[in-house]
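Consider the two complexes below, in which chain A is the common component and chain B and chain C are the respective partners.
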Partner chain A sequence: MSVAHVDRQLPGETRAASSWYEASARERVRLLLDAGSFQEFIGPEARETSPHLRVFDLPEQFDDGIIVGCGKLDGSPVFVAAQEGRFMGGAFGEVHGAKLTGLLRAARDVKSAPVLLLLDTGGVRLQEANAGELAIAEIMRAVIEARSAGVKVIGLIGGRSGCYGGGGLIAGCCSALVVSEQGRIAVSGPEVIETNRGVEEFDSRDRALVWRTMGGKSRWLIGGADAFADDTVGDFRKAALKLLSSTADFGLDTLKAEQSRLEERLQSFGECPDALDIWRTEGVSDPRSIPALPADQFIALGDKIRRTSRDAR
Partner chain B sequence: MTLDEILASLFPNGRDVKNQRGVLFGSGTLRSGEQALVIGVSDRTPLGVDEAARLSRYVLSSVESGKGPIVVVVDSDSQRMSKRDELLGLNEYLAHLAKCLLYADLNGRPTIGILYGHTAAGAFLATAMATRVLVGLPGADPVVMDLPSMSKVTKLSIEVLEAKAKSTPVFAPGLQNLSQMGAVHTVWDTSRPLVDQLEAVLRETTDARDRRDELGKQRGGRTKAADIAERVHDLALHTL
Partner chain C sequence: MTTWQKARTARDARIDAGAKVAKGKIVETGDVTRLLEAVIRPGDRVCLEGDNQKQADLLSAALLAVDISKVNNLHMVQSGVVLPEHLDLFDRGVAKKLDYAYSGPQSARIATMLFGGKIELGAIHTYLELFARYFIDLTPHVALIAAVSADRDGNLYTGPNTEDTPTVVEATSFKDGIVIAQVNEIVDKLPRVDIPGDRVHFVVKSDKPFFVEPLFTRDPAAITEGQILTAMMAIKGIYAPYGVRRLNHGIGFSTAAIELLLPTFGEKLGLRGKIASQFALNPHPALIPAIESGWVEQIHSFGSEVGMDDYIRARSDVYFTGPDGSLRSNRAFCQVAGLYACDMFIGSTLQIDLKGNSSTITTSRIAGFGGAPNMGSDPRGRRHPSEPWLQAGREADPDSTPALRRGRKLVVQIGETFGEKNVPLFVEKLDAIALAEKLKLDLAPVMIYGDDITHIITEEGIANLLLCRDAREREQAIRGVAGYTDVGRGRDKQFVQSLRERGVIRRPEDLGIDPLDADRSLLAARSIKDLVRWSGGLYAPPSKFRNW
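Right after this comes the complex of A and B.
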């Protein structure tokens, strides 16, 4: 076996065997893109750290918990950003957020390259809350500017920190989303709901409740994500490629379709007290079986009951 | 100022704004005779899936058939924190409302946020922060997150957080700190007619470019954001 042959073969096999959830942000980017194609902007060697964490005696990270750059996906140029959910919960601070804002503004100006957004975040980094909240507002605006210029922005969600707070709003601004079972998407996290409204409203320690309320399976079933991936880098790559070729341009019609989609959801499921009731209403005969279903069987079931027109976002 | 006083001072030539359970829908007449769309959240109402969907519907129908600026007045709670709202995908409803406002702004309908009371977290992002220009009125008290929740998430005591809040603008709640960051463009003088100040803002902001990071740099609140964003932008243009 020649070295060149190994180089060609390894990425696919490694991708198929690599858990998205377990991988670091750097591993995700390396394995997601074509081998050796990634180039980082303002990488850790630049040591652009957060100027705010020291106030709280917290350690800094040289890349401030996000990697931004460009590379190739199946031979075509793409911009990519990946949050490291294991540093400060992947939360948005000043530097972290500004790197993503800059990347999205570049995509808007270049117009021809899509953006892959590997979200893994608890939301605003509270130690620099004002800068983080504002960064999220700037990112949301930059996503819509990029999409208005014809750029597709695909969110990939399946990391340890999920996609919470302002991260959930950024996800909602993307052209399309890939989610795995592990990919929780929400605004208020379980602990925050419990702190504000009490354990009767939401028991944050009830993991099954958390997963079926905010987890990737329910999000995909009700139209909160466009594609469901098994927890491997290979599956995320396949889903991203498919969405890049199928996602429509952004405009007033997109927003009108989304308005209808969201109003229809309120009408269909607005009275459902639990995800199990939503799934039953949706046509799943045995909703209790959903959490344990392997990805292939779950997708087959979902494909039977989901309507693709629901996905305008 | 009460909401009625604010609306009267903004639109002395006439206004018709309905308050439907804390959600505002209506219009006001500018001095030119042009109509401004008015939406908002009042009475510290939380922004949940139902409220957000009603607001976005109203904005979209105006984008389709109307013209003129869009004024977003806000005195809200945070996003509604409930099992039901999250179950139904609150992130999509809030993002959709923000997208409708951003789309409007990028397509000839300048958006002006007026923060006259409280707001927080996701409700802030979906309304006031999704506008081209955000104005604060004296006494407004925006926060990113309430202290008990912050304490829960950061594992720091409320006492420690309160002490940090006094000395650290990037962390602490309040209009002044958010102005320093560049989030709030200007704070209006309520002793003067608001209509004059609104019309000045509409005259001065002629394009939809996001300058909040530059503003934060000028005001010393965010020393790194503008430069980092620009460096990444330039590297990306040269590399791809």
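Right after this comes the complex of A and C.
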């Protein structure tokens, strides 16, 4: 049986059984989009590798750790970008960033197709320093320009490297975010906080603390993400489709509403020393039970207590 | 007149001195250092219970604080040098000489101190050797031990981490030594008695529970496809053909991968009930799926593992448990079991040389031996037959009289040709030799000697050293699975090919394994949370292993 044949036959079961967390960036794209619909731009055969890594004698990848292209989602055209979290922690470098910027600008010009960003990143690639930082700024601008042109940009977060540093900033610029339990969203990572503020402030080795602070469940409960997915490609696909149909257009009103929601969140939770206190404030009677709840029960609970007025990143 | 009870008289004097700071056997936390000053004499042999896992941390801090005009030049005889305080004792002059077995977290500092002459080294032992010497020439005068709870008579409940305690107490108490226990709590009635009170002279209640390190938890999320491939080769190329049922696993990711492949890959090969049913092994969380799938009949453990207590309690058909239901471990007995009653040891190492000697030592770190050499050696005193043992003996020595032929224990090293940070597994010369030269040791610290190793598994293939007839065959068999390391590239290609034709080397394809099938989806659990699910919520992983 040829690979193409498998693709056309791709059953819902494969999507449902495939862990987003476990999958590579390529598998995520292949399984997320309609079978066989993906077309890659500047693929590995183009060998657009990083000009910086070889200076440090570090291994390169032919796609520089990001896949960009277009395809179909439930029959409709979409642009898609997926970071490979297992290559240098999904970090942004010059080529990696330029590929994403180019994709977003294309979406801005085409106007009719939304963008799916499969973020899986620790932030900027330190070896590429300024080039990486510039890339983040360019990408943020390109996201906003695309949104201004009426293009929805949906972030999907549930990979090994989470969504940190500049990735966290880009996530904050998106129209909407889908996150799973495994996904983490923040700007400063646990080790960075511990290094700068001390272990008393944040113990990066206390992984339960890391997850209840930055993890998908907490982010969704307080409105830091718009949809919660179980850790399967099928669930991410369903959530993305739903957000594409429900997310509001972009404009000054949206931004003002978001600003006031952020202010309100700070007021409500600013004094809480721990996520457990935030969840209690939000009306969860037994906050300690949240981390262990299976996805369906957690979503049912969240749907009851989540307030859409809190939806602001 | 000759006196025959000098030691007993001395012991009674020590107890009398100690009793002045105690109420019965109970000593207040604040008085512990005074107690130690009262009962310990300069130059005493002291066992400060540092095990592989649990640590008498209150007593080590108290010993560090003694007045060194009263207590000095001690000879420490303890299996684990794990806490910083264990070495601070030598910096302060409280202790002078050291005999030990394992020093995981302190391996770099102990090397520096040995090199700087801060520590006078007796020897580095395996657990069993050190335990044996407790009864011959290293009997402690004073043992400082750790338990979960005590009653007022000094009876002790050690909890699941019994580990070394019974051995240490046996040697000390029955040879006129003093036993001092730190406990988390003093209670009226113990769940069970692990150490009878008449062997314990003083008891101190600690403010916080003794320190235990979760050493045996391997997160399935970190298992690589390379490790899965070597695990598949191990199951199909060694476990199955020898029919290995009684065994010990190392603690690395490669053996964790094997544990997680039993219910999937192993099941598909129809091996349940035929392999991997009895273990000398700590309660590895990675073994939960195999246990739940009915693979494992019985496990005896050296120690316990943090978070596994409720699971063990609920699976008493598999584990050794006391009348209270909790695990009873025992390092000495389990080491003996691993040495004599297991047909195979399989584990990873850091360096293997051309003779098959292996070592986990690097020039700047001395981690000690722990128990691996006991597990990973052919016991010359073994007399009972078993199929894997006889088969291995046959392969090693096909021409001798069967009734007079020794069997062989299978001792397997498993690893990828390039380990962490792309460091080659195979070397011409072990770093252990350079270290021995630097420290002027009589013996290079070799973990497993080449003549004990029977198989080496890498992603390139399995080398069966039992089938090698001379040193050249052995060297080429090792080079033949050493991949693109310098050792591997130095192979004689034609010779290696002839070894492959004889089945001395077997490649994945010779075993009917396609490397492309080595996929993480084969793992019965791919995360710690999967292990929790397999356990029905009974396994409670410590926070550092959670990602939820």
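Methods note: the second predicted complex is superposed on the first by the 300 of 313 C-alpha atoms of A that agree within 3 Å, B and C clash if a C-alpha of one lies under 4 Å from a C-alpha of the other, contacts with A are read in each partner's own complex, and residues count from 1 in each chain.
By our rule, a residue touches a chain if its C-beta (ideal position, glycine included) is under 8 Å from a C-beta of that chain, and two chains touch if they have at least 3 such contacts.
Fair warning: this is a prediction, and the values are worked out from it, not measured in the lab.
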Overlay on chain A: chain C relative to chain B, clash or fit: fit
Contacts of A:W211 with chain B and chain C, given as first, second, both or neither: second
Chain B versus chain C as contact partner of A:G132, first or second or both or neither: first
Superposition-derived comparison: chain B or chain C, residues of chain A touched: B
Which of chain B and chain C A:L243 touches, first, second, both or neither: neither
Geometry of the superposed three-chain model: angle at chain A (Cα centres of chain B and chain C, steps of 10 degrees): 110
Partner chain(s) touched by A:E258 [first = chain B, second = chain C, both, neither]: first
Partner chain(s) touched by A:G168 [first = chain B, second = chain C, both, neither]: first
Smallest separation of CA atoms, chain C relative to chain B, angstrom: 11
Common interface residues of chain A - those touching chain B in one complex and chain C in the other: none
Chain A residues touching chain C - in the complex, by the definition given at the top: 19, 21-22, 160, 181-182, 205-211, 215, 217, 291-292
Residues of chain A touching chain B in the complex: 39, 41-42, 48, 51-52, 55-56, 68-70, 77, 79, 94-95, 97-99, 101-103, 105-107, 109-110, 113, 122, 124, 126-138, 140-142, 144-145, 148, 163, 165-166, 168-173, 185-189, 191-193, 195-197, 201-202, 213-214, 218-219, 222-224, 252, 255-256, 258-259, 262-263, 265-266, 269-270, 272-275, 278, 313
Footprint of chain A on chain B - complex, ascending: 49-50, 53, 56-57, 60, 63-64, 79, 81-96, 98-100, 102-103, 106-107, 121-122, 124-126, 129-130, 144-146, 148-150, 152-154, 156, 164, 168-173, 177-178, 181-183, 210, 212-213, 216, 221-237, 239-240
Chain C - residues contacting chain A, complex: 221, 520-521, 526-527, 532, 537, 543-548
